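In C-alpha cells below, several structures.
Consider the two complexes below, in which chain A is the common component and chain B and chain C are the respective partners.
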Partner chain A sequence: MTTTHMIVLPGDTIPASSLPISTNPNKALTLGPGLRHIPPNTIKATISGALTTDVRKNATWIEYNSGRYQPSPSDLVIAIIASSVSESYTCTLTPYAPPTTLPHLSFESATKKTRPVLPLQSLVYARILPFSRYTTPELTCIDPSTGKADGLGPLKGGMVFDISLAMARRLLAGAKGGVMVLEMLAEKLVFEVAVGRNGVIWVEGGNVTVTLKVGMAVQEVDRGGLGVEGQRALVEKVLRGL
Partner chain B sequence: MAPQALLSHLHRADGSATYSEKGYTIIGSVNGPVEVQRRDELPEEAAIDVNVRPAAGIGSPNERHLETLIQATLRHVILVQNFPRTLIQVTLQVRSLPEEQSTGNGSAILKSSLMLLPHLLNTALLALLSASIPLSTTLTSTVVMILSSGKLLCSPSSADLVRAQSIQSVHVFAFSAQKSLLLAESQGEFDIDEWDEACELAEDICCKETGVAVDEMDVDGKPENLEGFLRDVVREKVEKEQMWKTAP
Partner chain C sequence: MADRRRINAPSGGTSAPIFASTVVKNPKFLQSLRPTRTRQPDQLRKIFLKTGLTPSASGSAYLEIPLLLPTTAQSLIPSRSSLKLTCAVHGPKPLPRSAPFSPHLLLTTTVKFAPFAARARRGYIRDSSERDLGVHLETALRGVVIGERWPKSGVDVIVTVIEGEEDGWWGDDITAGANKGGGWGLMSVLAGCITVASAAIADAGIDCVDLVTGGVAAIVRNPDAKGKGRDDGNGEDSYTVLDPCPAEHQEIIATCVVGYLAGRDEITELWVKGEPGATTEKLVDRAVHAASATATVLREVVKEAVELKYRDVIGGLNGGLKASTFSSEVEMAG
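And then the complex of A and B:
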C-alpha cells in the first residue's frame, strides 16, 4: 500500500506525521531516494517531488521524474560498451557519465578462452553490483549465487529507445506501474523487450516495422502520461497502421 | 509583474529552466553528475562549473566575476559530497535584458552586473531542481536599491528606475529556505544601518512568511514571496509527472 502525501522541496523537514507507522515496532524505517537522515532524528528532503510512503515495507521515499540516472546497486541497466581493457569492458550507462566496468568473465559460463567478444558500441543487459560512491560501479551479467545469466547478457539486434526514468521504473514494477501497452501489443505482435533503469528500452520485433511501432508506442505512453484507456486507444491505432 | 518559470523544456539537458522577471529572461541548463576532466577533479566532492553567457557577444571579466559568485554559492547548496570525482555543469544564458540595461542609458550602477546576479541565481536553482540534483536547501535571491532619498526599492522594474532619481547603492542578497544568508554583494555608498534595513527587506521577500505581519515599510511594488513562487513551480512539475496516475 503506497500513499502519496505531499510535495516537498529540498531542505524541507519531513514531519513525523507523514512517516509510515509500522505495525511491527522492531522493523526499522527505510529511507529511499531523495531523503537523508540527520542524526538524531531529523529527516530532510534533498530533491523536489512527491513524498510517498509504504506502510507494509515501512519505507518512505520521494517520487520524481527528471534528471540523470544515478547508478544504484542491483539495478538492471542497458549499458553500451565503450572500450575494452585487459580484463574488463568499460561501459557507459548515460552519455558523458563516469564509466562503469564489466569484467570479461562475468558472463554465463565464460572462461578466458570462451568469453564473449563484444564489439564497441554493442549493448549489454546487466545488473549493478554493490559499490561505494568513491569507486566506479561494476556490472555483471550473471547471478552471483547461481552463476546463471537469468536473461542478462549481450543484446543482439533490435533498437533502443529513450524513455523517462519513471517510465523505466513503472515498466519494471509490473502491474503496479500501470503500463499495459506491452501486454496489449503482445496479443497481436511478437517481440522481445529489455528495460534498463537508466531510461532505455531495447526492443527486438523481428522486423524494423514492429520494432519501431512497439518502441514508439512505449515512448508515446511515457510522454502523454496515458492511463489504461488511453493506452488501449493507442494500441488500437498502432495495430490498425500495420 | 510576478516572476515566471518554465521547467525541463530543453530535452537534451539533464535539467533546464527559463526564468523571467522584470524584463530579464534567462535560460539555465544543468548537466550532471558527469565525468570530470582530471585536472578539475576533486577527490571528495563534485566540481561545479558555472558558465554565464551574455545576451550579446562573448563573455567578459564581468561574467567571470558572476560565475565565481554563483559557483561559491551553489557549492553550499548542492550536496557535493554525494558525488565525489564528478562534475555538475550549470550554464546560464541571458536571453533578454530590460531596456535601460541593453541600450546603455542610465547610470553606471544600473549597468553593473550586480543587477543580473539574483536572476541568475534563481534560474540556476530552478534548473538544479529540474535536474533532481540533491540539494541541502533551496535558495532565493533578490536585489534591493537604496535611493539618495533613503527610500528602499526592492527588485525594481524599469518603470521604477525611470522614476527613481538617483541610486545610492545596490545590494544583492540570497537566502536559504531556513532564512540563513548565503550571499551578500553590495555596490555604492551606504552605512551599516542602511545595509541592515536592506537585508531585512530582502529576507521578507525571499523567505516564507511565518504568519507574523511584516511592518509596512516604504517599499514600492513589493513582489510576492519568492519561496511561495518556488513551491508553485514545483507543484506544477510534480503534477505533470504524476499525470499517468489519474489519467483514464
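And then the complex of A and C:
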C-alpha cells in the first residue's frame, strides 16, 4: 500500500525512519522520481512534493502534481496524429513534449497493403515503447508479443478532457486511486472512457449530454480534490440533472 | 535607434512632474524629505513571495518587498521604491532541431525591466545591464539545477522587473551632481531575481540540489551623523547593513550579492561592487547571513504551495484506502 509521509523540499535529506522496511532484506530499495542517492547512505530530495512509499514494492518516490508530462516507457497515452511521414505517423502527446512516432504497421491486422487510414487530428490510444534517453519515443497500438490490440487503436467519436497528471495516475491505479466517480456514474449511464497518462481522458457517451456530464464530473473531482463522499454527492447531482 | 514596431515615447525622454516646493522654496525642505534607514543594520525588509501565479507557465513566482510609508508623508513623491519581480519558468522543452546535442538541460535566463520600472523610462529592447543581470542569474541557478534527467532539452527562466530598486535618492539628482558610483539598485534586484527564480523552479518541478536564495549586504557611510552600529574598520563611520535600500544611504562604499544554498552552505554566485578593501570577506559573510534569512521565508512559501497542491493527492490516496475498507465492510455485512 502506498502511504504518503511528508512534504519535502529540494535538498532535504530523507530520514531513515520514513523509508520502507522490506521483509526481504536482499531486495534493493527502488528510488523513484525526485530522489537522489548520494553514496554511501544519504538519500536527498531534488524536487518539492509529497514523499510516498510502497512497502510491497520496496519503492519510494516523490509525488508531484506538476503540469508537464514526461513520456516514460509502457505508459498508456492518448495521442493526436499531427502528420503522416513515409512509414509512420507523427503524434503529439502534449503541446510541449517532443513529438513521437507511430509506425503505420503498428495496428492490429495491418499489412503493407492494408494500412489504416487515419485523418489528421484524430485520436489514438497507444502505449509507449521502451526508449533510450537519446531517441524520440515510439508508440504502438498493438501488444508486441501477441499482435492483438487489447483496446488500443484509434478512438472514434467522443470528446477529450484535460485533467491533471496526478488525476490520470489515480484513475489508472483503479481502486487504490480512490476515484469511484466513474463506477458510480456507470450504474445509471452507459459510456466508454479511455485514460491517457499524459493528462487526457476520452469519453464517448453516445450523445452529447452524457459525454459532457461524465467528462466534467471527472474534471470536477480533479479540481476540487473530492474524497469518496464528495464524489458520491457530485454523482447524485449529475444524475439528478439528467 | 527608433523602434518602428511600437508607438514610441518622445525621443528626448520624459520626466515626471517635480513639485515646485522642492526646487524653489529652500533646500532644507528638500533635505527633510530624505529617507533614512529605520531598521536595525541586521534587519531585512519583509518579503511577500508567492508561487503558481501564471497558469500557462510550468512554474511561476512573484516577489514583492512592500513599501511601508509613514502615514504623515510630507510630500506626494514616494521617498523610496519598492521591489516587484515576477518570474516564469517554461520547460523543460525540447531544443530546436538545429541546436547541437546537449547531454544535459540547457538553462536560458532573461531579465527584463518593464519600461515603467524606474523613475526614468527604460526601453523595450534589452540593454547591457539587463543582459548582465541575466548572466549573473544564470550563474546562480546553474550551480543548483540537476540537468542530467533531460538531455536535448532547454528551460527558460524569464524574470520581469515590474518595479526596480533605484540607485539613489531622487532628490540627489536634482541638487547635487551624479552619485559617486552607479548601479547599486541592480544588486538588490539581482538578489530578488535569484530568490524568485528559485521559487519558480521549485514550482516547476525541476530537480535541484537545494533551494538557492539571494542576499545583499552593503558597506555604507553616513557623512553627517556619528557612526551607529559596528565600525568595520573601513574608515570612520562606515558600517555594514543587510538588505540596503540605496535611497536611504547617502554614501555607499561597496555592495555584495551572493546566491547561497542554505542546506549545503555553498555559494553559487558572488558579485561585489565598489571598494570594500580589506573587509571583503566580512562583507560576503554578511550577505550570506542575509541570504540564509531569506531562505527560511522561501522554504515556508514553497512548503505552503506544495501542501496546497497535494491536498487532493494526499486526500485521494487516504480516501482510496478508506473507500476500500468501507466497501469491504458493507459486503461482509450483506
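We take it that the second predicted complex is superposed on the first by the 238 of 242 C-alpha atoms of A that agree within 3 Å, B and C clash if a C-alpha of one lies under 4 Å from a C-alpha of the other, contacts with A are read in each partner's own complex, and residues count from 1 in each chain.
In this section, a residue touches a chain if its C-beta (ideal position, glycine included) is under 8 Å from a C-beta of that chain, and two chains touch if they have at least 3 such contacts.
These figures come from a predicted structure and were not determined experimentally.
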{"item": "Joint occupancy of chain A by chain B and chain C, clash or fit", "value": "clash"}
{"item": "First (chain B), second (chain C), both or neither touched by A:G49", "value": "both"}
{"item": "Partner chain(s) touched by A:E187 [first = chain B, second = chain C, both, neither]", "value": "neither"}
{"item": "Partner chain(s) touched by A:A175 [first = chain B, second = chain C, both, neither]", "value": "second"}
{"item": "Doubly contacted residues of chain A, that is, touched by chain B and again by chain C", "value": "4, 7, 9-12, 34, 36, 44, 46-50, 63-68, 96-98, 133-134, 166, 170, 178, 225-228"}
{"item": "Sites on chain A touched by chain B in the complex", "value": "4, 7, 9-12, 34, 36, 44, 46-50, 63-68, 70, 96-99, 133-134, 166, 170, 178, 225-230"}
{"item": "List of chain C residues in touch with chain A within their complex", "value": "58-59, 91-94, 101, 146, 151-152, 202-211, 261, 263-264, 299, 302-303, 305-307, 309-324, 326"}
{"item": "Interfacial residue positions of chain B with respect to chain A in the complex", "value": "8, 14-15, 31-35, 79, 82-86, 129-138, 176-178, 230-231, 234-235, 237-238, 240-248"}
{"item": "Interface residues, chain A side, partner chain C - complex", "value": "1-4, 7, 9-12, 34, 36, 44, 46-50, 52, 63-68, 96-98, 133-134, 166, 170, 173, 175-180, 222, 224-228"}
